[in-house]
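Data block below; observations after.
Per-chain residue numbering starts at 1, and chain names A, B, C and D are given in the order in which the chains are listed.
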Amino acid sequence: MKKLITSALMRAFARSSPHMRALGFELISVEAGVAMGRIANRPEFVGDPRTGVIHGGVVTSLLDSVGGAAVLGKLRRPMPIATLDLRIDYLRPSAPERELTARVECYRATRNVAFTRGFAYDGDPDDPVASMAASYMLRTQAVRRSG
Amino acid sequence: MKKLITSALMRAFARSSPHMRALGFELISVEAGVAMGRIANRPEFVGDPRTGVIHGGVVTSLLDSVGGAAVLGKLRRPMPIATLDLRIDYLRPSAPERELTARVECYRATRNVAFTRGFAYDGDPDDPVASMAASYMLRTQAVRRSG
Amino acid sequence: MKKLITSALMRAFARSSPHMRALGFELISVEAGVAMGRIANRPEFVGDPRTGVIHGGVVTSLLDSVGGAAVLGKLRRPMPIATLDLRIDYLRPSAPERELTARVECYRATRNVAFTRGFAYDGDPDDPVASMAASYMLRTQAVRRSG
Amino acid sequence: MKKLITSALMRAFARSSPHMRALGFELISVEAGVAMGRIANRPEFVGDPRTGVIHGGVVTSLLDSVGGAAVLGKLRRPMPIATLDLRIDYLRPSAPERELTARVECYRATRNVAFTRGFAYDGDPDDPVASMAASYMLRTQAVRRSG
């Protein structure tokens, strides 16, 4: 029951973000500190027209947002959070026209900071296109919130 | 003269990227390994509607792209490049409705990898909203290109 | 059989590094792209005498070295490698007088770059003290080698 | 006058760290959020005996410590700090037998987190061997302190 409520809240949260809505972001699941989400591949996401590869910033938006959901799923009660820093390793070009899925785990939360790691992939989860490690400030006060 | 040609090439490059065009990205200048670029603040860039703060992924798209331009401005001849990894530190929330400017320096290029550092700001360059460090692979072969 | 040879080679490699020898580094295992290693806790590793907590640089030395071993364990044949970049998240202070163990996975290797992720812990592997993500250049030419 | 007091305090702080003392760390200066420090090159710092290149962990220890000094130099009053995360880019191998110097700037401090960037070099400051970006938690409670 608790999980269902959390997921419903999280989906509402995802829909409330204008940028994630503009990207067509869909939150797939949030449970036990692990979140998954995806975005369709749209022509305006392409970084280089010669290759059809998605721009890294779109991949980062996806991973950052799924990471925020993983953190919120890990916490016992809702609170404002903000991405503190984020590292992306680009492993290979994404295939043209494939949707992107991200899976991020919040593997530790202290009083003030939560830590996440995850991958984005365009098909096979074992052949990711990008790896991510990010930390999030908790209990931020009406400032930058991840979304 | 050389600088003018480079800038013209770079502007064409920036315009050729569907995602950067969709973001309204404008390359301001490229010289001696330092590039500047900006994006207007649009409603669909907002991450959290309660605060009006821009989504971190948009800031990352901007910094990644300006970083790629700085690398190309540093190299003696054009070649395909690809973002290898990127780290963003979010320093403070951006102010609502402000345009974002990024300044990135390519401070070192080896045979295979170029290294960059930069900031994004929404007004005062000395009060940045985000700091970035990224490395780019050079001479990539028909794979992911930064755009 | 192949695994035994690799492990023997790797142990020799670890012993050949003056700094890792000075830290008392011991390579525990290398297989299928996953390496483990440890260092004893010595008084001269302490960063702050009031807390007894190990200096972050020692944790980084350990993770960097185990990461190099994971990369070499993943490659089909020996070749010189060099750490390209490394990110450490410090999750919590290590307990005084505990030995540190690191487990690092090389989850992807391309022609020129290998990517790793891992943790260091002082007892329970599920309660790590630090998280690491690093990339390594392959086929480096008589330059900086990870050790 | 204030600067002299700060420097004296900082030097005492540096000497109090067993690990930094073991590395022969010397704090050169701390002012206005910029700190400099150095370590001699010792045989036991070498990572690979074939090249004589210093192990990356030693470079990281140096940069982490100078970064902590830069943060303390930026703050208005002393407080416990702890490295939260740190990224190192290795730009080139250090030359054998050269001492290493680091210069790190704390370019922003918020209520809870301070952000730094810096370089380590083995001679010419404009030809660094490593670049660093790190963030530090402020007001930590008797936990991991940078040293």
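Note that a contact is a pair of C-beta atoms (placed from the backbone, for glycine too) under 8 Å apart; a residue touches a chain by one contact, two chains touch by 3 or more.
The shown structure was predicted, so the numbers you read here are calculated from the model rather than taken from an experiment.
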### Task
Note the rotational component of the Cα superposition from subunit A to subunit C, reported as an angle of 0 to 180 degrees in steps of 5.
180
### Message
Let me check something: if the centre of a chain is the mean of its CA atoms, which chain is farthest from subunit C?
### Response
B
### Query
For subunit B and subunit D, what's the span in angstrom between their mean Cα positions?
28
### Message
As a quick test, compute the distance in whole Å between the mean CA positions of subunit A and subunit D.
### Response
33
### Sites on subunit C at which at least two other chains make contact
84-85, 87, 89, 92, 135
## Note on the structure
Residue set of subunit C touching subunit D in the complex reads 16-23, 43-51, 53-58, 60-62, 64-65, 82-90, 92-94, 142-147
### Query
Touching subunit D in the complex: which residues of subunit B?
87, 89, 91-92, 107-108, 110, 115, 117, 128, 131, 133, 135
### Query
Which of the residues in subunit A come into contact with subunit D in the complex?
84-85, 87, 112-113, 135, 137
